[in-house]
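Shared chain: subunit A. Partners: subunit B in the first complex, subunit C in the second.
And then the complex of A and B:
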């Protein structure tokens, strides 16, 4: 009887053991699968699809397009002067905006970190540019630069910066400054708020100890404030560089890449290629190049940061 | 090293007065402890000496120079903060040398000074470390080292031991005292811990509500507290207080009649009239447990027996008031039983209930006044 029950039970146990083992392996994947499916569906698939367009001839108005063209788009890119100009403009646009956004944002953060009447109100107001849709900010700034309806050209004439009021957005040499100024206005709050948060995390006693040790305000800034801000500065600069390089809204609204492509950046060039010329294949190839460039930039910044923190410890 | 004079120093934040006219003379090389509950103004006073807070009115001078308008860096003082305030991105050596480097001291001089101080504080092996790689006690030492390296006129300590555990605190207490003896530097030390005040101070300055309540040596403050606040704040376990009215028996004995009619004998005091409202103060070690009422004991109900190792604390109620009694015996009275307690007549403090001031005994011969 004993052996009978044992032999009767054994296969059942073995089967149970196997299915338990199997379900043990599969179980965690089942738990994460909804998230995985979502990520694959909304992030990975479009990315792969977009990258695949770069190697295909996809023109919306040509029903016969859609074939595989290999690296033809990339070969065309190398000799596309408009693209090369857009690359140079992207660098100008990105670093021109970034430098002033960061510099003025830091100054604003330092000012907001002081005690003064109505500080909370001002801190809230600083966020205001973010509450305005970019599209509207772009239109507003475009109007402000317009001498017919906007005050800026008249002010600049009064200050002696212009011989007579004219629209800088229509001057190929100056047009890029229009969206850059709008972008600076738009980007300062980001730096001001993140740097202010970092500033407020610095213990007050450190400044007191330093002032007793004999440090002047400037020395305190260099030996306490900057080292404390460094990690925040590194990460925000990196994020912001990538965001600005991809950020074509203001340019599209204010200058539409013109005059004479003088404000065309890679992101707006992609927009132009895809939605004006309806050449999705070529636009995807440009996007792929931009992706690789930004990835390379991010990786080098991360490597630099790691090297710095490594020598740090 | 220098003396520090504080004359009628006041501090207000808007309409709120934090310090109401502080007068204090700290002599050269003295170790002064400012003690009081939180919010009494002791840290504010220290920060005014350091130059981290403005002086609303009055004058503070260090080594004979009025420093009211001087920047902290020009006062030649060093401060040890409760949080240590070490520069987190600098090594121990850099932390300690920062002040000297700012003064453009020669490199060799700096490294000599640092190795000397590191030797004294046992930090030699840690000089290359960052503060975050140090234990609380080590950080505390670095903060001290940073102060010592500069050879300032005076050291200011703002509750430097509050963040340490009890054992380490005890150890650092003695170390700071030894260091003070070795360096002989004028020191002002702020604490809310009356044990630190008692064990470390040359003189204690007891503060409450922005007013100095009493200045004196630890023994003076303990044995002759100026008022009820000082009496209750200094001493652990704290002094017992009972309220009653003053009665005169004869030339050598007076008494305090408690609310329940019991009479506690005290030495006559000069400034009390019969019937005056009196608060009687008796330290737990000045109350003894006696056999019965015949030996002059008052009946008291046992509430709790608290063994402390070395001694035992007996909690009783007398005339409805809680009383703690310190004894070296090992009593085992059941809770709610009655025992008889007697007060040491010569050691009892008599306070005027209205003014809260201590009334010294009339005949001073042979007893504490």
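And then the complex of A and C:
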């Protein structure tokens, strides 16, 4: 990329100007191309291939499989009670986790946004769960819920929450709380980090001006902090909803969908179909349905947000 | 007089509850890690009899000694370091280039590329395992660390790109424009002026990707079948699937596996907040 504009001769300068202009047009594509090639090859192509599996009979252990079956998988899905239960469980898992992750994450971010003694150490420590491999935290939480080797059932008994220590992971009515609590533990730092970043980007002058005008802390929170946080909250909530709905690791490790499928979410059901029963065709059909549902959710949130900002202005 | 007395009581009350809540968060965050550590130093014969005690009556390092000298764990550990380290480096490099283009250029197709990257963040990655396996197998990239690195890099590039873009957005355009007027190409300006200024951002992205690759289990499990190419989560699972699960040893291996991820994270979490500050406002 030699730009010979310093020579002073007109023709050369003109040619230099041209090549500079030309390179200016293709330059962004040069920067973007490695990422684009990689994403197309490793994510987009497999995605399309995976969607095609949804219409084919692909079972790894059956050498005669591979044929086209049309919409047979989807027809089977509609009457698959385990799938319908998994849909309901997914909603419960996702919004149960999200509500607490967000609520506690916001409180933590607000606490960390004030200057106090030991703040930097505290920040490093409370963000730590985010770095723990999910597989490991799943095993560890399952261990802690076990009354033989874990303290949690005994504490809950002392608090009167339980008649006697038992493992909530083996009670179909309560089992979902296990992975949800582990997920809350793991996910608070994410919200705290993003919300703290948003809080720190609010101009301090606004608060100074407000307190000169005599606004109380609560008034400042409602009229300065919340409006500034709103865009970040909307985006992170949407992205996290989708992410948590897809997040099967903790459930697979802690309960494996049990007992009696009471913690089976759609993502873990896909995993079960694909890797326990090796039925890639059916698994891909479930995944396709999940993908459509999540896209519909994302689009409706975006549309809702657009409608709200339009009425505002 | 009474007024100042009132304010100082309120201040005391506020800071009292502030520290109390902070303490609750710290305990909630650290207790599970403490329990992991406790189990890892408990000798096997009292693991169950003293299962619910806060600290065992005697401790030993035998689990650590076993994991380090008698098991394949050091090998898995090395594989994980190679995979996560390379993934972090390559991803950050690619994300820096793309993030820079997103931040500085308006070009045809940009909206489509950004949308494509956003969509990759939405679909269940589980559904990609079978197709990726079918694509990588003929290339000889299954059961190899290279294959894992390629897959992890692709998965992490979109988020890393948005992260890097937010850092570049925080740097004034005039800086490289001045360098370009002096006769440097844009790439030279990018490399010599902009990149050094975004070092905190680079560190945050490196750490984020390293941690993500370090924890990944599902793809490692499906794409790798031999011992020699196993990463540590797969290795850790082999402790579970053995006939008699040795929890003490598994927890010891877990603590060892935690160390690099946590060290990395402690170093970079400050920059992560800093970096998101630049980008978060735009929403």
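We take it that the second predicted complex is superposed on the first by the 271 of 313 C-alpha atoms of A that agree within 3 Å, B and C clash if a C-alpha of one lies under 4 Å from a C-alpha of the other, contacts with A are read in each partner's own complex, and residues count from 1 in each chain.
By our rule, a residue touches a chain if its C-beta (ideal position, glycine included) is under 8 Å from a C-beta of that chain, and two chains touch if they have at least 3 such contacts.
Quick caveat, the model's predicted, so the values are computed rather than measured.
*Asks:* Quick one: name whichever of subunit B and subunit C touches more residues of subunit A.
*Replies:* The partner with more contacted residues on subunit A is C.
*Asks:* In the overlay, answer first, second, both or neither for which of subunit B and subunit C A:115 touches.
*Replies:* After superposition on chain A, A:115 lies in contact with neither partner.
*Asks:* Determine, under the contact definition given at the top, whether A:79 touches first (subunit B), second (subunit C), both, or neither.
*Replies:* Touch partners of A:79: none, neither subunit B nor subunit C.
*Asks:* Touch test for A:208: subunit B only (first), subunit C only (second), both, or neither?
*Replies:* first
*Asks:* Jot down the residues of subunit A that show up as touching in both complexes, subunit B in one and subunit C in the other.
*Replies:* Overlap of subunit B and subunit C footprints on subunit A: residues 228.
*Asks:* Using the touch definition from the top, list the residues of subunit C that touch subunit A in their complex.
*Replies:* Interface residues on the subunit C side: 15, 18-19, 21-22, 25-26, 28-30, 32-33, 35-36, 39, 47-48, 51-52, 54, 94-95, 97-98, 100-102, 104-105, 107, 110, 113, 116-117, 120-132, 134-135, 150-151, 153-155, 157-158, 161, 183, 185-187, 211, 214-215, 217-218, 222, 233, 236-237, 240, 247, 250-251, 254, 257-258, 261-262, 264-266, 269-270, 272-278, 280-283.
*Asks:* Can you check the complex and tell me which residues of subunit B touch subunit A?
*Replies:* Those residues of subunit B that touch subunit A are 50-52, 71-73, 77-79, 81, 83, 85, 87-90, 98-99, 102-103, 130, 146, 150.
*Asks:* Quick one: which bits of subunit A touch subunit B in the complex? Just the residue numbers, please.
*Replies:* 203, 205-206, 208-215, 219, 223-224, 227-228, 312-313
*Asks:* Tell me, which parts of subunit A touch subunit C in their complex?
*Replies:* 1, 3, 5-6, 25, 27-29, 31-32, 34-36, 38-39, 41-47, 49-50, 53, 58, 104, 107-108, 111, 114, 116, 120, 122-137, 139-141, 143-144, 147-151, 154, 185, 188-189, 193-194, 196-198, 200-201, 228, 230-232, 234-235, 239, 242-243, 246, 248-249, 267, 270-271, 274-275, 280, 283-284, 287-288, 290-291, 294-295, 298
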